[in-house]
Amino acid sequence: MRVHLLYFASFRDIAGKPDENRELPPGSRVGDLWAALSREVPRFAAFPSMPPAAVNEEYVGADEPLRDGDEVAFLPPVAGG
Amino acid sequence: MRVHLLYFASFRDIAGKPDENRELPPGSRVGDLWAALSREVPRFAAFPSMPPAAVNEEYVGADEPLRDGDEVAFLPPVAGG
Amino acid sequence: MYLTTQPIDVAKMLHEARPCDGALCLFLGVVRNENAGRETISIDYEAYGSMAEKEMERIAGQIAAEWPSARLVMAHRVGRLAVGEVSVAVAAVAPHRAEAFAACRASIDRIKTTVPIWKKEHHPDGSSGWVDPTRESGDLTIG
Amino acid sequence: MYLTTQPIDVAKMLHEARPCDGALCLFLGVVRNENAGRETISIDYEAYGSMAEKEMERIAGQIAAEWPSARLVMAHRVGRLAVGEVSVAVAAVAPHRAEAFAACRASIDRIKTTVPIWKKEHHPDGSSGWVDPTRESGDLTIG
């Protein structure tokens, strides 16, 4: 299956791109996607734990199952206001 | 000595006037003035205790000594805002 | 001068209060159309003016001492106000929101407790009464 | 729509928020000229826009459930803001001030905690950095 991954703010700087499509094995969960990113990008690997994540614009935990076509984002610490 | 007594809001309605000059015996305190008013005006006598009082625009207690020329006011419950 | 017989210009107050200080908390008191279950059409605000100015100045000094990082702008209207008009405005500006909220809240709480201002509500049936916040009903009708 | 690229019109917000409801508490966040000891000249606010709108709507629903007597008007600016510009505005109106203050404070606290918005500070020396409120310094310089 394929998900659309979005990068914002400092995570976009780290990834070097604002978004990408990623192919994932069936049954993948949000935590699996973060693990895959961490294997590729040392600065993501340096995070002590998975940052807050959103699937289809809702906060979810690492166990959230992913489905084909999902929009996924890992979120840097928010700083609105 | 003589003091200038001011009445505001519901107290003005009770007294029927906005202010008056009053002659007081030397050594009078604020509580003595309230006692004198209460003897004259039954609706003031009905108060369970002396209302907040101000002398020369500052809150004072019943023991505050009065001086000739003081401006004195007993204040109904404030309701600003 | 904290008391004014003219409508409070909130935009101007915000302009005066707002520099580059991070957080602004504004409180507005607005004349309600009812109190203690009775409809109100207007309110007369009466002040012991000279003492009210001193009390508001004293409160401003207290707030400045307790929240040194906060700046305060305050105004209280007197005279007859229609429903929907602003009776009191307090703006507190500080580098962070905790101080802005605290200074604003403390200011309005103290204004309502000690500043010698009274209000007489006018009702649609022509009756009126001085508001007594110390009574449960909040409404003491005189005369 | 809670997000706007245009300057927040505070006067208009107050007008929308203010009926005859007694108490209004407004919070404004203003771009400060310094953060964590470093001078700031401007801030870029970036949002995950569609999710930020949903989060602010969710917060508005929470506040309405927790303070049923309060009404809320909120806006958050995105894009580049100069020092002194309003980044966020929350107005809460209620019959009494306790609810107005509480609803306003809870709203801004939650906005700052969960709405996906980020800010990059620009400094006079040309450097810039994303603000990380979870770090003590509050300033994470990237690149």
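The letters A, B, C and D name the chains in turn, as written, and every chain counts its residues from 1.
One rule holds for everything that comes next: a residue touches a chain if its C-beta (ideal position, glycine included) is under 8 Å from a C-beta of that chain, and two chains touch if they have at least 3 such contacts.
This one's a predicted model, so the numbers in the text were calculated from it and none came from an experiment.
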I need the common contact partners of chain B and chain D, sorted by label. C
Using mean CA coordinates as chain centres, what's the chain B-chain C distance in Å? 25
Determine the centre-to-centre distance between chain A and chain C, using the mean Cα coordinates as centres, and give it in whole Å. 50
On chain A, where are the residues touching two or more other chains? 81
Chain C residues touching 2+ other chains are 29, 97, 108
Any two chains that touch count here, so list every such pair. A-D, B-C, C-D
Quick one: in the complex, what on chain C touches chain B? 29, 45-48, 50-52, 54, 76, 87-88, 108, 111-120, 130-135, 140, 142-143
Tell me, which parts of chain B touch chain C in their complex? 6, 8-10, 13-14, 54, 57-59, 73, 75-81
In their shared complex, at which residues does chain D touch chain C? 10-11, 14, 18-33, 83-84, 95, 97, 100-101, 104-105, 108
